[in-house]
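The next part holds the structures, each set out as structure tokens.
Two complexes come next, and they have one chain in common, subunit A, joined by subunit B in the first and subunit C in the second.
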Partner chain A sequence: MDNENTSVLYKETFYDKIFKPEIVTLPNGHTVRRRRSRTPFIVLALVIAILWAVKMTGFDPSEIVRRFAKMMDLMKKIFQPDWSFFPKVVSPLLDTIKMSILGTVIGCAVALPVAILASSNINRNAIIVSIFRFLLALIRTLPTLVIALVCALIFSLGTFSGTVAIAIFTFGVVSKMLYESIETIDMGPFEAMEALGANKFQAFWSACVPQILPVYLSHCLYCFEMNIRASAILGYVGAGGLGITINERIGWRDYNSLGTVLLSLFVVVAFIEFFSEYLRKKLS
Partner chain B sequence: MIEFKNVYKTYPNGFTALKNINLQIEQGEFVAIIGLSGAGKSTILRCINRMHDITKGELTVDGTDVNTLRGRELRRYRRKVGMIFQSFNLVSRSTAIKNVLTADVPDMNFLRVLFGIFTKEQKMRALESLDKVGILDKAYTRCDQLSGGQQQRVALARTLNQNPKIILADEPVASLDPITAKQVMEDFVRINRDYKISILLNIHHVDLALKYCDRVIGIRAGEIVFDGPASTITQEQIDEVYNGTKAPTMGDGE
Partner chain C sequence: MASKLENFEQTFDRKLTAAEAYANRPRHWMLYTGIVLIIAVLVGWSGSGIRFTGMTTTGTEVARGVLHGVFSPDLKLMFGTGETDVPYLLLQTIAIAVLGTLNGAILAIPFAFLASGNIMPKPVAYLVRLIILMIRTIPSLVWALMWIRVTGPGAACGVITQSVCSIGMISKMYITAIEDLDTHILESLDAMGCNAFEKIRYGVLPQLTASFISTTIYRFDINLKDATTLGIVGAGGIGASLVQCLNSRRWAMVGSFVWGLMVLALIIEFCSTRIRRKLAHGA
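Our next item is the complex of A and B:
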């Protein structure tokens, strides 16, 4: 077998010219080319990147050992929560939950139609699809904290800003996850509906929506889990909820009360995650 | 009656799938279309319900010129033409009866479609359709829990539920095992006989075509090379349809 024949099977890159492909020959004379692995090259690049990052950030493992005692000291206080502080946690905790629920509901409601418009298998207009996707990508580049900060500046401090920030964040994430799921649905039933005389809306509604709905609800629940966690932090920038209390307690060096706040948050987050996971399992 | 007169079909990519097709199929006939993959079997079926447009010639069904139908007229015409697919095309997360009920959707008003409200009569009729193909007991089972043969029967029930005059079946048994394939073919025979519905089906398995269908149409590279009663086709004619290669069969014992 001449090598001219086998070399046209793939495009020869610069790498292949330096590290020549291995030619495996069978006893009967048939040959096949095996390209040299790129793995050593990638490993080398990763090692260089990590070393560079360590140098840049001034990361020093001995610092962790030296400050270990201080960390333990702080942890000890956090794990001895001051339960007399608990009544002051309840109200902001409820605020946080309310913010997350309302923000998630609003964000998800807007996400459904937008995700449908951003799915290339449903919306055949490539221009509209790319416009929506660009907008969604834009929204997703903004961290929730930044959105909350901007909202706090626009709508004044408080839970309303937090709710808007969560809604915007939810909208960006759920739309993205949803249009990716919509693009994997089976379009066969849609074709069947068109073949039996349904118009586009009827076909979409009867054949696609039953497939989309469970996935949509599952994404909404997952986003709600994320939002509970995220919303606790939003108070930091004045968007209401538990974050304000956390910030305040750290400021007062009141670590025992901070422990109360964090443990209450932990219980709520764990419960909601457990419940949401159970529901999502039912949906799939 | 379905009538093709000098029909040509060229796809946008320039591939000519049908060349000068002339064909007459009377109401109530049971026709198998055989040929290699890419010979144009699917294209013939999909031209009849206008899932594809023809490029040249005339295609009439009961006197209606199919290629001039637009919008609402086309959808009303499609109500009378059922279609069965190789991959069943059911909403697999929904129950069998829900899938059968979708056949009524084109006749319903917007709000009823939106909220999925079906009348008692519609539900009874859907159950009767399932009963006609012998899977009434699976009516409230989700389709992803059903076997391939059962799913194809649900699809058949959905088609019967639209009360068609013609059923087009595109490789209806290609993804079924040999035993189930025979059962589904027998369903087709029964439906053809009992309800006088014309059935056109594409099939790879020549033995099944010869055993169950009345008439066989052989297509090679977009042209009809055989058209006649299943009982008269000879081995040479089958070989001609398949370019001289061995014709595919189910190959299992009776």
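Our next item is the complex of A and C:
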């Protein structure tokens, strides 16, 4: 006999119609249906994807094995940094940090009002919400390097274009993370304040802002971490910072100096990450 | 802060009224002024280094050209089937990301187990973590530039680059999953008389697969966006053509590449969010 509940628990999908589920009779006489495993299907799809991707890219694993010694050579040179090059690293490194600080601050400042407008629990107008979300999604699809390249073409080469690119990227990311967080806040206090006679702005200011602020700061710090790493390469397209130095050193095959650049970047990034993680833990 | 109010209540030996409690509400103005001051100082310092040197002479033309290109893309390029057309390049970008992510996900497994504090002795774990941090810190573009020196330009170089630089983030997420392992299950399997293989099969794998797969899909999302930029240095994919068009100011072509990028990113983000939600909630 068939258990009546199974039909509720058991949603038949297209896959189950082709591969009929196995029927198992339990010792007490009930029958249950066990779905056929989807693993073979997934594995097959994965294998096809891999074969197709290998054909498309011409990737050959034996190549890595053959060239591995060469790469190791390169790595060895990087780990013997040439510290006499260090004075030339300081100024672009500071530029990189400045770019990411300014870009992050600008991006985060713009992101706050937009995120509030794009969160459906505060802005009741569904059309405006979806327009803002779509625009944010579009901004996020553009790679930072492409934005930086366009900025470099518009605003001339240098740190300013990098700052603009980082600000745009930060704006996209922080707005998205923020409106997702805003939608999870407790709207009870807001309604209570409104019931007590506060206007919308007063209610928002004292009921929602204290809930949003720590999350907002934590997102900003997280984004700052990402930006430090991202801004290091913006120089490659001429937007200022370490990227110019890195590109130049690799071009000259001066891997010992490249090691200096990368190690200083590593120290700065590790320090900032550690500091920001500590602050974010405090915020939450 | 609550403790301060409780202190008041104890000294007065009665519940505070709402008005009194409000008058003694926690005040963070010191903290807030501090944060604002720090940010102001940082902005002031960094603003000193960044100079607005004005637009280039062709700046407005570039801006107008990009906008024009986006609204009137080169349709032949956008839907063509040749090896330089948008669909082929997008597929190549996806292929790079697929292979790179899979390789990275497999390579990350040994790293993750070596770096887990609950399996390995502490010194080994910390050493491996340092290596992982180093892999993560070097930007993927720099990895690509280094690998190009070794393997030469092309899509294969992109795959190798992504395999290496995915290790950093993937193993970081794997480590959290491994350290959250519930060891009581292993103990009960032990008590049932299971051997080491059975313990791994029924005690460890079911706990790890969901989060491992979820991490891998998340990384695929990131790698795909990365793969579009790797082309800029010559590691295959759509980036190279986009940059060439930008530099030679063929705006209609730029427009079609940008549309391609946007559509690809939107589709992938949608799919990956759905799959990961399914993995997290099981339905």
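Going forward, the second predicted complex is superposed on the first by the 249 of 284 C-alpha atoms of A that agree within 3 Å, B and C clash if a C-alpha of one lies under 4 Å from a C-alpha of the other, contacts with A are read in each partner's own complex, and residues count from 1 in each chain.
Just so we're on the same page, contacts are C-beta pairs under 8 Å (C-beta built on N, C-alpha and C of every residue); 3 or more make two chains touch, one makes a residue touch a chain.
Since this is a predicted model, take the numbers as computed values, not measurements.
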Fit or clash - subunit C, subunit B, common subunit A: clash
Partner chain in contact with A:R35 - subunit B first, subunit C second, else both or neither: neither
For A:P214, is the partner it touches subunit B (first), subunit C (second), both, or none of the two (neither)? first
Is A:T57 touching anything from subunit B or subunit C once the two structures are fitted on A? First, second, both or neither. second
Which of the two partners, first being subunit B and second being subunit C, lies in contact with A:L153: first, second, both, or neither? second
Let me test your reading of the model: by the given contact rule, A:A270 touches which partner, first (subunit B), second (subunit C), both or neither? second
May I ask you to name which of subunit B and subunit C touches more residues of subunit A? C
Does the superposition put A:L142 against subunit B (first), subunit C (second), both, or neither? second
Shared contact residues on subunit A - subunit B and subunit C: none
Interface residues, subunit C side, partner subunit A - complex: 35, 39, 42-43, 45-56, 58-59, 62-63, 66, 91-92, 94-96, 98-99, 102, 133-134, 137-139, 141-142, 145-147, 149-151, 154-156, 158-160, 225, 228-229, 232-233, 236, 239, 242-243, 246, 258, 261-262, 264-266, 269
Subunit B partner, complex, touching residues on subunit A are 186, 188-189, 191-199, 201-202, 205-207, 210-211, 214
Subunit A touches which residues of subunit B in the complex? 49, 51, 75-79, 81-83, 85, 87-94, 98, 102-103, 105-106, 108, 113-114, 155, 158-159, 162
Taking the touch rule as given, give the residues of subunit A at its contact with subunit C in the complex, in rising order. 49-50, 52-54, 56-60, 63-64, 67, 70-71, 74, 94-95, 97-99, 101-102, 105, 137-138, 140-146, 149-150, 153-156, 158-160, 163, 217, 229-230, 232-233, 236-237, 243, 246-247, 250, 253, 262, 265-266, 269-270
